[in-house]
Amino acid sequence: MVFTQLHFSVAAGGAIVLRGPNGSGKTTLLRLMAGLARPVTGQLKWSGAALEDSDAHGKHLRFIGHLDAIKPAFTVRENLTFWRDFWNTGDASRVVDAMEAFGLAALADFPARLLSAGQRHRLALARLIASPAPLWLLDEPANALDDRSLNALTRTIADHRAKGGMVILASHGADLVSGGTTLALDKFTPTEVMQWDET
Amino acid sequence: MVFTQLHFSVAAGGAIVLRGPNGSGKTTLLRLMAGLARPVTGQLKWSGAALEDSDAHGKHLRFIGHLDAIKPAFTVRENLTFWRDFWNTGDASRVVDAMEAFGLAALADFPARLLSAGQRHRLALARLIASPAPLWLLDEPANALDDRSLNALTRTIADHRAKGGMVILASHGADLVSGGTTLALDKFTPTEVMQWDET
Amino acid sequence: MAFENFAAFIDMGGYAAWVWTAYGLATVALVGMLVVSRRTLKARTREFEEMKANRK
Amino acid sequence: MSVFTALLSRDLKLALRQSADSLTVIAFFAIATVLFPFGVGPEAEVLSRIAAGVVWVAALLAALLSLDRVFTVDFEDGTLDQLLLNGQSMTLVVLAKVIAHWLTTGVPLIIMSPVLAVTLQLPAEGYGTLVLALLLGTPTVSLVGALGAALVLGARRGGVLLSLLVLPLYIPVLIFGTAAVEAALTGMPSAPMLSILGGFALIAVTLCPFGTAAALRQAAE
Amino acid sequence: MSVFTALLSRDLKLALRQSADSLTVIAFFAIATVLFPFGVGPEAEVLSRIAAGVVWVAALLAALLSLDRVFTVDFEDGTLDQLLLNGQSMTLVVLAKVIAHWLTTGVPLIIMSPVLAVTLQLPAEGYGTLVLALLLGTPTVSLVGALGAALVLGARRGGVLLSLLVLPLYIPVLIFGTAAVEAALTGMPSAPMLSILGGFALIAVTLCPFGTAAALRQAAE
Amino acid sequence: MHKFANPTQFMRIANAIYPWVAGICVLLFAAAIPIALMFSPPDYQQGETVRIMYIHVSSAWLMMMIYGIIAANSAMFLIWRHPMANLVARASAPMGAVFCALALITGMLWGQPMWGTFWVWDARLTSTLILFFLYIGYIALADAFEDSERGDKAAAILALVGSVNVPIIHFSVEWWNTLHQPSIIKASKEGVDSSVHSSILLPLFLMMGAFTMFYFALLVLRLRSELLAAKIRNARLSQIAGHSAAQPAE
């Protein structure tokens, strides 16, 4: 699939908000930027160099999508600890910070199976703090969050940017960043990989 | 689980909005009202009579929860048609009306697997129109919807109430009903099933 | 010519069942592939032409 | 009845559409049976001695496999909640699911069985009885299995629990099922065993659907 | 290496916590083997004749069962996406998953096998070789199976396809695995068969993880 | 190389050589069949059954060659994403499966009179059977996904991994001592095996050539229809794409 004519870049501390109706390709674009999908034409660059090795690209980013990658059998703490150990950035104490930032501290030893929808989503977001990375790709991070958590998220994003981090997020309603670029996706055009000259 | 001291009723054409932070028990309360969970003490009444037979209670309501009950292998149309046939209220042509109301008509013959997050959610909501019932229980119906679809939902709810229908919904942000009662759930207190007198 | 007469040719030194089945099946397989491939090609061509015509 | 017919036809359609589950079962049945000659060696007399047993065991294992998933998918994607709100009777829902399960796995197993019995060199006298015994035995397998599957829904050790609950109940079916074929092979009457199998099916059909409905209601709470 | 150790320990912990999957496999193995005396009859000489074959077939089927789910759960709940973004190497991820799978299913199967061989009246000379053969054969089973499971992720008939892709590749393992036990029983050297099994494992370990990693990457696309 | 990646260019070349390939194929068959069936002498050991060999060995050769072609094209598809390479692999697979079945069946038809059994579990027979299953798996996997691109890639990976089997088939007679015949072609070069006479090699080579040309000719036909199928899919996709961002009426 290709997005025809899309050029943009994020500087350190910058933010991009993707907007557009359902099915306009926000999720698809975010996955592309995460390196989970490959562009048919065009390329992704990181610090000026084209990205070839998508294995290494994963180091630079955290992607939080519609699916929350939570194991219901593990407690909140175990879920977070696993991802911190897996990426191994930030030290182990950040797991606690992350739970505090998203109001999960009281639920730390609950199995994730018992969480409400909003709590699950907050647990997914807490990965951003537990194991830091410069680029955050967030797909509708405001979903199912109550007002308090929304504030917490806004604050977290602002902190991240203040430290030179970058954020690209898709959103329908809430305004989660101040002073970012807005990218309006309008109509999504999937095309086949194969291209030929009609003669 | 019990909610201590919760009394409320909905009249025909009425609406209740459940509000409260994540984990305050909105989902739990909605499932209770659907008859999917049973209250430990207290009772549900329908038209003045206590509900004993939860099998029959299902006739009165549509419940749209966090899980969307969509079969990815079926097309949009097939998904809707099955639920209409299953409940067998409203005639078959309503499937088309439902798809139109939620902007799914063009996607009718797409397998549901290909839908974006918002489109899936719209498909779940379309069941409300495809097979009508007097009471609608909606758990965060605004999730993942773009502005247009949000309007469509608001309109659908207004229509339903104008025809004497009842709506109870949980919501964080968007205001989906006008002139309904708001019920603020604050802190959810799960208590043990067993109760006894201290002597 | 390795055979004295036509009957010997058919008999294949007593191995008629094996030899002729092998050749028979090989013929069926090759001709079958040819027929199937040509048929799909024709069907696809027709479908494509129809599609082009409909678009105009 | 709309509940019953709509659900039955949906399940059949789904089985055809994403035949994964029911085809897995059949493929498993076929492959499990065909692996035996590899493992045991191709001698006809050993194989024909164990043929009926192997076919029955493979069929039971295959059914067990498919049972694990009769309700899980619906449970996980929220369909079960909606099914509970059917407004009529949960027993109808259960019957529709069980019949769909039997049609999509039991029947194909029965149809496949003579073919597989050939590869295991079952003597010719056994085929009729084998098919009859499977025909009478598989409904019990589906009914009992559905009850087990509903009981373990959402349980942490679903799969094992299911095997542990259900397989002991299958042993009588297995014993009478193979005994019927043995009888036919040795020229004895197989009718008594077959009627016992029929009796099991009757007991199962009167008891299991209610238990299953109650278990499903419980699982959603 | 954090990727490898974190994932391996998570998978092991998960297997202990919600032991459904790995316990199912063992229960299935045990039950499948134990059902045989019921189906085939208890005569010692028939049973001991087929014992090695039955144990091997049951072990392969049990492994196949568990393989269906090595990646599906992670695929469906979004974990796979995150695993792909590990920043190091997908091959490490695959190795961790395969080793976890082998430790939670292969090893228990090996440990169970002598017990089950007793119920099937395997002659005493066979045990050592049976365990050795399983020890050399099951890693191949896990490696090849993981490749198959990754290839069919999200496919329409995942389960059958997996059987179709993977079971043929298991045939050599089955043949040499039972041949080794046969050899031990008849007093012949079983070392040649065992070394071939080892050879299969070496080929599998050099090829499969890369294929599996590539397959997972494109499954997420 | 990259010139061939363009479907239009590729098909131009393929269509240009098609009549030649087809013509040579017909000529080779016209020569091979009478020589194989009538004019070549029976083998001193195997008698007239040696005539089965011309088909057996030709099909066995084709099934291995086609698998090699599929594997090579799969690699090109995965690495450079040449869409044409994918189409070549997809179009070849069913033919490979048919030749593989033919090799198996003719082998069995030969085995019964020669060895007294249709089947033994020797290394060459087992590995050939596995190749057959790999073909079936490839075809099933390629069609198992709603998204055809996923099927292409999954099948390509399977093809690459499965390619270890091809050398195993070929060298199995040397690595393990088996019932199956050792390689006649190599033996004849060294002049060891007196049974392999030019009177047998001539029809064998003719038949192998005819089979090979048959494959290439049919490949061109099948590529044309694969390409049409891709065009049709593409057109459909762009038709629905216009609606996919459909919205409720304002």
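Here are a few things to note about the model shown:
By written order: A, B, C, D, E and F. Residues from 1 in each chain.
Keep in mind that, in the parts below, contacts are C-beta pairs under 8 Å (C-beta built on N, C-alpha and C of every residue); 3 or more make two chains touch, one makes a residue touch a chain.
Since this is a predicted model, take the numbers as computed values, not measurements.
Hopping across touching chains, the smallest step count from subunit A to subunit D is 2.
Any chain that touches subunit D and also touches subunit E would be listed here, but there is none. Comparing per-chain C-alpha centres with the mean over every protein C-alpha atom, the closest match is chain E. Chain centres here are means of the Cα atoms, and by that rule the chain farthest away from subunit C is B.
For this pair, subunit B with subunit E, the centres built from the Cα atoms lie 45 Å apart.
Subunit A and subunit B have Cα centroids separated by 29 Å. Averaging C-alpha coordinates per chain places the centre of subunit D 41 Å away from that of subunit F. Counting only residues that touch two or more partner chains, subunit B has 66, 73, 122, 146, 148-149. Counting partner chains per residue, subunit C has no residue touching two or more of them. Chain contacts: subunit D has residues 18, 38, 156 touching two or more partner chains. Contact residues on subunit E toward subunit A in their complex (touch as defined above): 2-3, 5-7, 10, 13-14, 17-18, 76-79, 81-90, 217, 220-221. Partner subunit F is touched in their complex by these residues of subunit C: 1-3, 9, 12-15, 18-19, 21-23, 25-26, 29-30, 32-34, 37-38, 40-41, 44-45, 47-48, 51, 55. Against subunit D, in their complex, subunit B makes its touches with residues 31, 34-38, 54-63, 65-71, 73-74, 78, 82-83, 85-88. The touching residues of subunit D, counted against subunit E in their complex, run 18-21, 23-24, 26-28, 31-32, 35-36, 38-41, 46, 49-50, 52-54, 56-57, 60-61, 64-65, 68, 156-160, 162-164, 167, 171, 174-175, 178, 182.
Chain contact summary for the complex, subunit F toward subunit E: residues 78, 121, 126, 129-130, 133-134, 136-137, 140-141, 144-146, 150-151, 153-154, 157-158, 160-161, 164.
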